[in-house]
């Protein structure tokens, strides 16, 4: 397999999927996180437990959900509970190992903005808002973020902190008594970043094949740090690509050529 | 005590200008028919509450029914922005829209507190988030036993909650299943409740511990088959994803939006006629 | 992750001297077999938590397993007193028993808070009641929005929760139905959980929104048919009211009680043998 | 029908049942309240809604439950919810019209004791405790109490206030911001008492047939007040007695000659 044989979206999704351990309980956001989590379930992690904020626990969707409450999630779940119960007993209750999120903007400490670009009162662009992210960011055992990398998205300073990553770094989460560990990885279409163990600043630890450090610097507004020894992301396997493409094909067919945003 | 009546009468009698109105349904069972009827009857100055405003509130906001929105995620699921919501927030069109913004867990807890007749809910959230800076309804309190700091939010107590469900029996007992969302809590938190249902049956034949809202918690029950369209009703019909995608183009432009609302809602008599007009306009497009 | 094992091993491995143990079941599905096994293995210094102590805790208290009881209603339902509980409270026999006493709504909320990983629960209760005078775990707090005074109680977080349920599948996913009580909350509030079940099946075939505890919330699942006797298991067997009535005479006298415990529990190997010995002693009486 | 044609228990139960309006939502304690509520349902109030604290909503038991969580309650209910939900959404939520309770001890303001006779730390008799009564007494729209009358039960001063009636009378409930109106009637085997509209002190307003004021005085430790115009309880009708006896006969048969305590 050569870098040209897959898209940047595909390697992002595959690299994210690989981070999920079999058996992990994942609280899954819609879109990229849901695609990656289901890819994990269909490849190396058949016993992964997918929880969606609308209420399904143990969902095993045959096609990717377009919205967070698709019927297919309910039909394939071990059970479906109310939305309050999902947030109270399951997420806040500490039953979720991994919160799997996307974001519009992220900063060097993996804090995220999904609320507004510009001033809150006089917004340039009004984004959808928090959804379940503030509670996931607080309470999930750990958080994995997946989003495309660009200088507009990876910014020096967030216009709005919707959901916390590592705040201003160091032991800030512990000082605020946040139950979960916060972001442990950010997967983009270019690379994988992990927080520095001490400072918690995001550090590129792994490049996707064919990607240069320069490409990553250009797609990051702040001066991004790189680990001394950079790994390279393993190429997508034939199986990974086949299963991902098959999943997306089934989804397109079922949703009438719509794709999950 | 539930009165079984028409949707027109239910909205006319139970939804008033200036009310706090919650229309709930988490992707599933969104009460579109009831929302349209509120729009058709041109209610004004509503405070709309909904975790996920969705296309239903985009329509009401664009049509000028709302003065305030209490919400936690305002997008067109799987498509993108709610352009009417954004236009109201970004450009005050057709009128300024006050927003009160929360997280999902927060609003879900606030409905639970409302259903429980508590004035506030307690949750673990918002430490470090900017949301409390822009929403004075989010405060922090201390646990009286451990001293821990926790977020507190006021309960939601709508004047009227509107939901769509699968079934009612002839007394007005409501059965719903599948993705339950916060519908039960939203109904029990409210002073009045309107439920549209796919069908009214002699016997619910509910399974053990089924999600049932007894008739004495409901003000009006209205039979509106397909009343959740373009969302879905588990066991009845699927989500019309094409409608959601098509809505993006309709809502993007003020003029297109206004014409659509006039032709499809204001100029139609009821949800059935809306479906007919919509079917005609869709067939013309293709 | 649920291990499917014997009750003896589950109790041996998961219930330790000094633990806070909740055995729940509101009249229905009371985990008698598991309670007997705790008694048989002679655990000591337990803090027992249960809304309705019932005969199961009368047995454990009388046998000297408990140092403290957290409860809200301590009677033999439909019969009268729990004589062993009374003897412990009134006469420190077989040992002093510290009691921490709540109302049902309070304890139910405290389990909910535990399952929700909150340090405390808020409820409307106790204004004017003497209970807070004798229980420093009941405090009053003010709503940060309205200033109203509300009761606050610490959450319950057992070291181990023990319940009985109808079914498990081979992975250890648990299905229960009928009177649900606080079992789900008690399991989710606990560090460890043991579930005895009537049967283990290939497929749960659960209905929509069924009460299910996924296998990854459970430490051990044990097949113990009839494990809720003399309480009942909806769909399997009815409550043995005669046992509850007969218990009154057994428990009234210390000596009679001790002989009964020795013959029926300490000298039997397991719940099946207990049932045999009980059947023999009942047939001798009649 | 003459006074000798029914028992004092029967007229107590029947008088209590008559207080329940058709369609009312009743939160029912086990024992006497449950018997009276079901008698009401089987006579003049077929649409009464019975809620038991174990979880059944709209229970229509064919026999009287011996415990608060009998299977027959679940089988005949419109639905069964969890115990936390019963207390949170239904009772505290303000959905209950009438809380129907019994008690071991009661005082002149209808405060009740179900906890202890004697000192709390050195109890003479340890009673079962609160159960759901404190929350019912706080939150039900109104409360009806039913218990046998005796000087040991109707006392000057409670050893322990488990659940509040009208506290020290007057507008005490309003001052404490209690959601419900509190006790509106106490039904005994001798009479019916109602709180004075102003002082909230229990006042005998109705005597059961053949019962004298003197009997009531003897069975009350405090100096009990009588309304200026005392009514007489209507004699049990043939239908009421037949239905009550039939219900108790079915119950005895089903429970193997046990009776609800």
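Order as written gives the chain letters A, B, C and D; numbering starts at 1 within each chain.
The working rule: a residue touches a chain if its C-beta (ideal position, glycine included) is under 8 Å from a C-beta of that chain, and two chains touch if they have at least 3 such contacts.
What you see is a predicted model; the values in this text were computed from it and never measured.
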Neighbouring chains shared between chain B and chain D, ordered by label: C
Interface with more contacting C-beta pairs, comparing A-B to A-C: A-B
Interchain centroid distance [CA atoms averaged], chain A/chain B, Å: 28
Intercentroid distance (Cα basis), chain D paired with chain A, Å: 57
Chain centre separation in whole Å, for chain C relative to chain B (CA means): 41
Chain B residues counted as touching two or more neighbouring chains: 112, 117-118, 123-124, 148, 178, 180, 184-185, 208-211, 234
Touching two or more other chains - residues of chain D: 74, 80-81, 88, 92, 139, 179
Topology of the chain contact graph, where touching chains are joined (line, ring, star, complete, other): other
All chain pairs that touch each other: A-B, A-C, B-C, B-D, C-D
Chain A-facing residues of chain C, complex: 1, 112, 115-118, 173, 184-185, 188, 206, 208-212, 214, 216-217
Contact set on chain A toward chain B in their complex: 30, 53-56, 66-71, 73-74, 80-84, 86-88, 91-92, 111, 115, 120, 123-126, 128-135, 138-139, 160-164, 167, 172, 176-179, 255-256, 258, 260-261
Interfacial residue positions of chain A with respect to chain C in the complex: 23, 25, 49, 57-58, 74, 78-81, 88-89, 92-95, 139, 179
Contact set on chain B toward chain C in their complex: 117-120, 122-124, 137, 139, 141, 143-146, 148, 150, 152, 154, 177-178, 180, 207-211, 234
Residue ranges of chain B in contact with chain A within the complex: 26-28, 51-52, 71-75, 77-82, 85-86, 89-90, 101-106, 108-109, 111-112, 123-131, 134, 148-149, 178-182, 184-185, 211, 232, 234, 238-239, 241-242, 244-245
